[in-house]
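Written below as structure tokens is the structure these notes are about.
As written, the chain order gives the labels A, B, C, D, E and F, with residue 1 at the start of each chain.
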Amino acid sequence: MYSVTVRGHIMIAHSFRGEVFGPAQRLHGATFVVDVEFRRPSLDADGIVVDIGRATDALQVVLGELNYKNLDEEPAFAGRNTTTEFLARIVFDRLVGAIGRDELGAGAHAVESMRVTLHESHIASASFEGRVGN
Amino acid sequence: MYSVTVRGHIMIAHSFRGEVFGPAQRLHGATFVVDVEFRRPSLDADGIVVDIGRATDALQVVLGELNYKNLDEEPAFAGRNTTTEFLARIVFDRLVGAIGRDELGAGAHAVESMRVTLHESHIASASFEGRVGN
Amino acid sequence: MYSVTVRGHIMIAHSFRGEVFGPAQRLHGATFVVDVEFRRPSLDADGIVVDIGRATDALQVVLGELNYKNLDEEPAFAGRNTTTEFLARIVFDRLVGAIGRDELGAGAHAVESMRVTLHESHIASASFEGRVGN
Amino acid sequence: MYSVTVRGHIMIAHSFRGEVFGPAQRLHGATFVVDVEFRRPSLDADGIVVDIGRATDALQVVLGELNYKNLDEEPAFAGRNTTTEFLARIVFDRLVGAIGRDELGAGAHAVESMRVTLHESHIASASFEGRVGN
Amino acid sequence: MYSVTVRGHIMIAHSFRGEVFGPAQRLHGATFVVDVEFRRPSLDADGIVVDIGRATDALQVVLGELNYKNLDEEPAFAGRNTTTEFLARIVFDRLVGAIGRDELGAGAHAVESMRVTLHESHIASASFEGRVGN
Amino acid sequence: MYSVTVRGHIMIAHSFRGEVFGPAQRLHGATFVVDVEFRRPSLDADGIVVDIGRATDALQVVLGELNYKNLDEEPAFAGRNTTTEFLARIVFDRLVGAIGRDELGAGAHAVESMRVTLHESHIASASFEGRVGN
């Protein structure tokens, strides 16, 4: 299995509901450094997994929808805790959508799975990985 | 699959038996920066994989049993080489025990697998990963 | 010159006023990974720059006053942009205060200067460094 | 599953053919920081996955064949784009060869799979992972 | 003293002349991850050292002149070894020029000194630091 | 001012005397990742600060005298706490000796100052910096 990983980041505000979160129930924020790994079993005719330029651009579009925002006010996340693991899934789903809309190029349809990791500090991170397509 | 990873570290002394270890047969030591990844297929009602506070505390307890020690004198490791890969398994097994004793909260019983990585320097690390529970 | 550096982190919300900040004028947030370097020209009788345990505790106290907060609502910062470089100075000044109150031990009075660095992402950081005492 | 990871690096020149590469069609270069993860389900009698000294030496031999070269002039890569993902596979295949020639010691024959990762910058990397042997 | 540091990177080919360089006399290449630290003794009215957006843009322009090139063919470097330390100075000088041409905004004229660091691998880097202006 | 930094590491056992060290009074150990920065105001005729190959070799020799040892048994350190900051000075002094014995080449005599940093974990490090020569 081959893979390529690209990196971006966002800086957001949010708060959590639930006693388990302790002081993180207050409005606070985070920098998430985001790594996306694209995986496929063979390379294309150019010798690549995906067009890394278009993959990076697509990631920037997805991250741009979240960046410099208070996620508590995003209608898409109403009633949900925007935890690191939850946001990893959001980035994953939105990138799957971008692949479906051909935004990463035709070659990206050969991507079998992705792993999205959000680093929230030097000591904690969360990931979502899953298959792309059907 | 979702995952959350937390980090801690220990500073220990030990020595190895066996020609393969060369100068590491002498009493020496290591800092192990320890990453534990907890994995489960879905999030709980709070939107999390595990209570990261309790997971970190449980890791600290496990690491506290090893930290600032000469592992050559630990009865639990008698006759064994406390290699990085061996210690990754020890941390894994002890965290499985902590989950079993409910020390990470009820939600941790949904953790399907864990990966424990010990970084021994900027150029070497070792891991153990396996299923949790039955 | 000898130095010792310890690390902590905070996760905060804030917004900025001023066109120069572009989208960061909106309420957003950041993880700041904070490194504090303590410097003195000679070691004490124990062979150390500062008691690293007490220095870490003092840093935790200073960071605890900021952590999991919306800095826009902190009276101490009213009318100020809590930029990364501004916050580096805040942490510096508060640690100088802690040294003055003997919270880092008697040896810390020999600290001549400190450098406080806040990493806001994998591609940006800010620092304040200055002399301690008189 | 246990694993051990070792690190090396190379500094090479190359160019790519294909519009997808944009300015990287020009002769340029890269530092690749190379991580190789060796995996096996159980440890040997010494408590290790592989002899880390011999594994590091074998990686150095493989990397030495590429280091400080213009890969455009390597006959082995004629007509191929030496992308990061392609080179990850090259390192993988050559290490499989080294294991087959007993260069990592008898224990290395128990290695079931490997993952080779090449970091090309602080924001991009590529990997190849696969089974070793038959 | 306050400072702000921003990061970029380039991927270049080059070769060196001189026995001291050993195999690096051959055409090879490097990824340079470039950190630029801007320093000034006080913050401006917005609470910043420099407009980080414009500083990043200016760095990208400077790096864009070098990126994806064979430095052996750059007239500006004819007869010179484009070592890591030499290139740190080039980036420094060109950023001084950009400040002089007001490309980083009026506030950047208060920058007293800069430090440019090029990381060539996980184990080696080089820097140039100096005063800006007169 | 130009500088070049090279990296190595050691894995040692030791213990400390003094209540300030708490549990670190027990025999334990550490991995120290060691960065040495060599500084001089101008480059030599080859365009370098030092011969990086010889600098790395000299660092390896200095580190080799400490590596895989119990520092409590080293006569050179009798009656001293081998703290991270103390060891930074030891590495510094021994590299100054190596420069004096011409082990880094004639060019190294132009090195004005050095900074030696020992990273003991992901959250703590210590340094010694000073002038070289007279």
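Note that a contact is a pair of C-beta atoms (placed from the backbone, for glycine too) under 8 Å apart; a residue touches a chain by one contact, two chains touch by 3 or more.
Owing to the predicted nature of the structure, the values given are computational and were not obtained by experimental measurement.
Q: Moving only between chains that touch, what is the shortest number of steps from chain D to chain F?
A: Contact-graph shortest path, chain D to chain F, evaluates to 2.
Q: Write the angle of the rotation needed to overlay chain C on chain F, where the fit uses Cα atoms and the result is rounded to the nearest 5°.
A: 120
Q: Counting a repeat as over half of the contact pairs in common, which of D-E, C-F or A-C repeats A-B?
A: Answer for the repeat of A-B: C-F.
Q: Let me check something: if the centre of a chain is the mean of its CA atoms, which chain is farthest from chain A?
A: So the chain farthest away from chain A turns out to be F.
Q: Take the average of all CA coordinates in chain B, do the same for chain F, and state the distance between these two points in whole angstrom.
A: The mean C-alpha positions of chain B and chain F differ by 30 Å.
Q: Could you please state the distance in Å, as a whole number, between where the Cα atoms of chain C are centred and where those of chain D are centred?
A: Comparing mean C-alpha positions, chain D is 41 Å from chain C.
Q: Enumerate the residues of chain A that touch no fewer than two other chains.
A: 7, 122-123
Q: Would you tell me which residues of chain B are touching chain D in their complex?
A: Listed in rising order, the residues are 16, 18, 20-22, 80-86, 88-89, 122-130.
Q: Using the touch definition from the top, list the residues of chain C that touch chain F in their complex.
A: 1-8, 37, 43, 46-49, 51-53, 105
Q: How about chain B: which of its residues touch chain F in the complex?
A: Answer in residue numbers: 7, 9, 11-14, 23-24, 26-33, 67-70, 120-123.
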